[in-house]
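You will see two complexes here that share subunit A, one where it goes with subunit B and one where it goes with subunit C.
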Partner chain A sequence: MSLSTANLMETVKKQYSFKLKANIDAISSLVGIQLVAILFSLGGIGGSLSSSEGLQINFNYYSADVVLVFTMFWALVTAITITTKPYRNHDFTFVTNRLSSSLSNILFLLTGSLLGAVTANLSRYLLQLIAFLFRDQQVYSGPFDFPVFILGIVMSALYIFCVCSIGYLIGALVQVNKSFVLLVPVLIIGSIFLGESILVQLFQFYVMEPNFVFFLIKILITTALFFLASISILNRMEVRR
Partner chain B sequence: MTTLLVSVIPIVIMIAVLILSLKFRLKMNVKITHWLLIVYVGVLLLSLCISFFMKSEEPAEMVEEKQKTDLYEAIYSGEISKIDTPYLLDKNSFDYSGESLSITSANAEVGTTIFIERKSVDDNMIEAHIYGSFSHMNGMDFSEKIVPPRVKISEQYMSIIYPGSQVIKLALMKNVFAVNQITGDKMVNGVTIDGPIVYLRIPQSLEVKAGSELSLQEVGK
Partner chain C sequence: MSVIECRELSKAYLRKKVLNQISFTIEENKITGVIGRNGVGKTTLLKIMAGFTKETSGEIRVLEQRPFNNLYTSVNSIFVDDQMSFPPALQLQELLEAAQTFYPNWDMDFAQRLFKYFNFDPKHYHNTLSKGRTSTFNAIVGIAARCPITIFDEPTTGMDEAVRKDFYRALLKDYIDHPRTILISSHHLEEMEDLLEDVLLLKNGKVHLHIPISDLKEWAIGLQGQASSVLPWTEGKEVLYQNQIGLNATYVVIKNDLSEAELAQARLNGVKITPVHASDLCIYLTSDTKGGIDDVFINR
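And now, the complex of A and B:
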């Protein structure tokens, strides 16, 4: 029995700073996956347009879309990974409970999401530079718009963090019952083959939302619900299971 | 089948990189990871800084007037020659005292329209204006890349020599889809091209004929 009273905020803070150091290697996979994504983005997306007066424009678009999608995939895998037993056992170095463990995990995922969002948005400039140096192609990017740059980071972070919450929920479900390892992929693949796919409707609900405030509300509520569900699932587990 | 394979390859490689990095993660020294991150972020920030210097080679920004004026509307109204428009690519004047003029062309697409505005006076002067525009919705004006047709007059003939089919290659950077979702930018429809259009201002009573490949359109009546 401990004689000192453990404060939740203090514990979360300690666990968070420990996890930042212990899970720093997750960042090396982020760098690796973003570099691969940059490589894939080097081809760009081509198109052609012509005027009735004989003018033909062959254009090639470059963007960090692939980098962002790969980063979201990284977030999903990382969120699932930190719910696994070896990672959970790290927590027992401290005075802990399931809630403080989950809260510090969420903080770690938020940090990873922000880092992923910043690097994904910055990677467009690396892409531009590589195209210029190695493909001998001037890629025009237009005037630098700082508010749009910040919007890019915020939007990307929201997407990545939301994917983290999905991954964390999947990880929590798998910890409770291993049959979810099969059930989750079956549910996802099965929904693709449903007539008017649920995935399409979900895509429209989030990705087609043009209003930032509505998008923010949708993503924050979804993320909060997923994390709350994960916390309540993990709370029901016995200590050190 | 090939398309499916090509689209699957990135996913397979992505999964392979993740699995390898997860395995590698256990062995990787913390210091190496720190350095990897510092170098990566450093390279990204350096790329951002270099991109500012690369902007000096970028085209001018589209002027506001161009954004709100429709080129064809201005041409059909016959008002375009009276205003100082940013659509003007080239301008020539020729002294001409004949009563009729035959227009011939080289490298013109069949059905190319030549716009003709009759002046209110017979001043024995023909003005040839070339209008055109090539811009992108991100505000960049690439009109300088358009090679305008050359116009020459000898005796009773005006020859318009088009540069042939012009192919302009252009590489553009787009924002990530997460930004385009809010700003409304689309991936494909960002480029606008008009012209090059030949617009002639001729004396009031000059008779004009043209070859079958050209279509003459009088404007501003």
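And now, the complex of A and C:
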């Protein structure tokens, strides 16, 4: 029987399109979680202003922030999930090595991040539409600026993708040793209580960056480092023991 | 050309040695049965070949490359067992299509014909199949993939007898049309006898025998008769199996190295000489005791 040669990029491409079909449940759960987030956002963030002349203004601020946060949570959970045994075993039923398995996972997560970013950003307009249709209120919306809209999508996608890389690393660590299931939450919660400044600094470092190019560099390097670490961890793992 | 070479291959799980410095080679386009008792390391050996697990020490070459984490090994081999994992979101038909994209030699027409023959519903899902049906579906994937190295680890788990026979026959027919290197581990040696060319017998983490099945069939003989006339023939020989029949008669199995004259002499002494089935012999060879389970019940 003739032997076949294997090409890494070809294999990754095949695995990627296979995973889009196989992990369709992850995409439907993204839709589900965003719908729930929209439901939570329907009330808007309320406020009222009143002046000494007896004038009172009630306002509701409708934003898609909650949708974005929920999407990040989805990204974390999905990234952890696809490192688990059943998902890795799906790859090893067919043609794979550990590198191609991880690369196609990352491509899948990137797709999910882009999709989630687009829908999360669009959901702002859905919220405004719902408020306009079903609430007896005057709706004011900021001017629609297409470049800003695209920028918003790109930035949200990068945030979501970065969360994916964190989830993927956590998942990889847990696969090496189950004690990370406890260790990781302990570390995160512990850092909230002990060194509040660390979290604040992290937040300032990533979220408060005013320069887009710097932001891009920071978040891309961080994401790449997390993924590289995960790949090198998973590269040594045995499967189907 | 040898496609699989092992040299002093060892594998340990948490210091427990499963494979202990085993060495063998498997030639191209042979069907080899990997035989051994439960827990002897058959699955471990096959998984190392497939590149799923890493050898602890020693060397293994599959298609002249180290299989662990090797894309070349992966595209040229398939590992089939009842643990084969498929995404629950895909229907059986979609799984076949996925397999087609991955395996270059995949024969879709052939896969569909087997699929239809075994009455699979293309719209069903893999995780809803019963044990035997799961094994059957996995076996279809394993045969239709036509990988140069095809590994079946207890492929007939849960299959009923009719399906088992169909499976062996389908495998043999497709092998004749498209020869490839096949390894099968199974506990049903008697069913596979006509299929296998070689037998790789594992015992205590070592290769105990690696011979053609035709040799295995003549490897030992059974001597039956009065204990007084049978036992002298076993002197200085390794007794593979011994069983008391009634009060005086006894049945022993020894290696078949008696000369024609000796056999004639034995027959004159009233010893009945019988061939030993390959599957029985494998049980005797891999057993730690001479009398089998009966030893548990005597001399209590």
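The rule is short, and it goes like this: the second predicted complex is superposed on the first by the 220 of 241 C-alpha atoms of A that agree within 3 Å, B and C clash if a C-alpha of one lies under 4 Å from a C-alpha of the other, contacts with A are read in each partner's own complex, and residues count from 1 in each chain.
Going forward, a residue touches a chain if its C-beta (ideal position, glycine included) is under 8 Å from a C-beta of that chain, and two chains touch if they have at least 3 such contacts.
Computed from a predicted structure; not experimentally measured.
Between subunit B and subunit C, it is B that contacts the larger number of residues in subunit A.
When both complexes are overlaid on chain A, the residue A:21 reaches subunit B and subunit C alike.
By the touch criterion defined above, A:8 reaches subunit C but does not reach subunit B. In the superposed pair of complexes, A:235 makes contact with subunit C only, with no contact to subunit B. In the superposed model, A:207 makes contact with subunit B only, not with subunit C. By the touch criterion stated above, A:31 is placed in contact with subunit B alone, subunit C being left untouched.
Judged by the touch definition given at the top, the superposed model places A:131 against subunit B, while subunit C stays out of reach. Touch criterion met: A:98 reaches subunit C, while subunit B stays clear of it.
On subunit A, the patch touched by subunit B and the patch touched by subunit C overlap at residues 21, 24-25.
By the touch criterion stated above, subunit B contacts subunit A in their complex at residues 10, 13-14, 17-18, 20-22, 24-26, 28, 30, 32-34, 36-37, 40-41, 43-45, 47-48, 50-52, 54-55, 57-59, 61, 107-109, 111-112, 132, 134, 136, 138-140, 146, 162, 164-179, 181-184, 187-188, 191, 193-197. Of all the residues in subunit C, the ones that touch subunit A in their complex are 13, 29, 47, 51-54, 63, 69-72, 74-76, 79, 83-87, 89-90, 94, 98-99, 101-105, 146-148, 178-180. Note for the complex: subunit A touches subunit B at residues 21, 24-29, 31-37, 40, 44-45, 47, 49-68, 70, 73-74, 77, 81, 119-129, 131-132, 137-144, 148, 151-152, 155-156, 158-159, 207-212, 215.
Subunit A meets subunit C in the complex at residues 1-6, 8, 11, 14, 17-18, 21-25, 86, 89-90, 92-100, 235-236, 238-241.
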